[in-house]
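Here come two complexes built around chain A, the first alongside chain B, the second alongside chain C.
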Partner chain A sequence: MEKELDKVVEEIMLTPKVTGCIFADHQGLCLAAKGTAHVDSAGILVAISEQACKLQPNLKPPTIYLESDDKMCLIQRHGTITGGIFKHKE
Partner chain B sequence: MGCCYSICHNDSDPQDNVPNERTHLLEVPEQQQETPSPTMCASTPPRKPDEQSALNRILHETATNVIDVGALGPYSLEANAYSERVRAYTARAASAALPPPIPVKLLADVPPTLSKVILNGPPPDCADKELITNAVKKAAAAISELRVEHHEDLVVPFRVP
Partner chain C sequence: MVDDLRKYLNHLIEKVNGLHCILITDREGVPVVRSVTEKAPQLALRPNFISTFGMATDQASKLGLGRNKTIISMYSSYQVIQMNKLPLVITFIGSDNCNTGHILALESQIEPYLQDLGTIVAEAHKDM
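Moving on, here comes the complex of A and B:
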């Protein structure tokens, strides 16, 4: 049933330096999570993207970068789906 | 009470023999009918003054417990007493001063010097943006294709003739 989504997740995880990947629907329900991405973070991810979308509501949903010294998290929304990718920095 | 009512009104009812909604289905012997009625009828009249006195007592108690603020006169305080109280209260408040609450900040402001360094730093990598954009697009497409795959018939016909 969710083979396609699993395939996409596997593909993303094969990308160098990517440690985790998560997808959630507009209500914060986790649809897929793998690696360092925790299922519980789905709601927070969606909330962050929602707040960022409020900055300029007429434009496309922004890409959000959360950085620490050695890791980063990318968040992006597309339609009702919000995705998050965790990866090591250069 | 319904029973009592029917008993009390039995005698005065002109249609005694005509069966109506109050007619007993089973014949009750006179002795049994008589026994509860005297106690009921006897106890009712003396109870009335008791109830009245009880109600009066409740009313009185409620009246004593209620403080009618509107009826109270204006509360005046002399200037001397007022200043004395102010001094006493301020002294007490100063002695029992609580430590200032620690401000809770989830997101603290970055100092201007540091913020300049961050903003002058290299912008986020375009490859990263492409990675997340493509990933979310693909995932959205995959999710839109989610279908329930049934391996058996969803509707099972029963052998109904």
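Moving on, here comes the complex of A and C:
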């Protein structure tokens, strides 16, 4: 059932500097997680995306970019699915 | 100690949209600490509702999948998430569209406080 999603996850993981990726549904339940992305972060990922959507409710959901010293995280919502990609900066 | 924990639970409720209450009870449903908003359904706060989890988790543990940790019950307008931390039970009640994953992630934040409470409740049951 989740073959297509697994394929997408594999593709993302092959991208250079990507260390992990995670997908969650609108209830914050994890659909797929690989690499450094932890299953438990699915709910928080969706909560962050929900809060960011409130900034401009009439526009399409924004891409959120979280940055630390050596890592970064991109969060993007598409319909009911929220995806998160963890990357090394350098 | 209990007052600090209640304050902390109040703080957690504010962090999750649509979360109405967090209850820490023993397995009979007797409240140890509770943090409740006015939106929480009163019937779901009663010990006879919460204590059914004790039986359900025992039965679910017999399915051959290992010890049951969490039961999520989705209703038409509420969701109830109960966690097995025997001798304690944690119950979260939220709206049906509340972020279930976020509530599940609260487990790790509450867990450090449960050690002492669990010991106290276990001792109290021993004396009964």
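We adopt the following convention: the second predicted complex is superposed on the first by the 90 of 90 C-alpha atoms of A that agree within 3 Å, B and C clash if a C-alpha of one lies under 4 Å from a C-alpha of the other, contacts with A are read in each partner's own complex, and residues count from 1 in each chain.
The rule we apply is simple: a contact is a pair of C-beta atoms (placed from the backbone, for glycine too) under 8 Å apart; a residue touches a chain by one contact, two chains touch by 3 or more.
Treat the numbers as computed from the prediction; the structure is a model and nothing was measured.
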Inset, instruction - Answer with first, second, both or neither: which of chain B and chain C does A:Gln76 touch in the superposed model? - result: first
Inset, instruction - In the three-chain superposition, say which chain, chain B or chain C, touches more residues of chain A. - result: B
Inset, instruction - Please indicate which partner A:Gly28 is in contact with in the superposed arrangement: first for chain B, second for chain C, both, or neither. - result: second
Inset, instruction - Name the contact category of A:Ser41: first (chain B only), second (chain C only), both, or neither. - result: second
Legend entry - First, second, both or neither for A:Met13, with chain B first and chain C second: neither
Inset, instruction - Identify the partner contact of A:Ala52: answer first if only chain B is touched, second if only chain C is, both if each is, neither if none is. - result: neither
Legend entry - Common interface positions of chain A, toward chain B and toward chain C: none
Inset, instruction - Could you pull out which chain A residues touch chain C in their complex? - result: 24, 26-30, 40-47, 50
Inset, instruction - Name, in rising order, each residue of chain C that touches chain A in their complex. - result: 16-17, 97, 99-105, 108
Inset, instruction - Please give the residue numbers of chain B that touch chain A in the complex, ascending. - result: 124, 128-129, 131-133, 135-143, 145-149
Inset, instruction - Would you mind writing out the residues of chain A in touch with chain B in their complex? - result: 1-2, 4-5, 7-9, 11-12, 15, 18, 21, 23, 25, 31-32, 63, 65, 72, 74-83, 85, 87
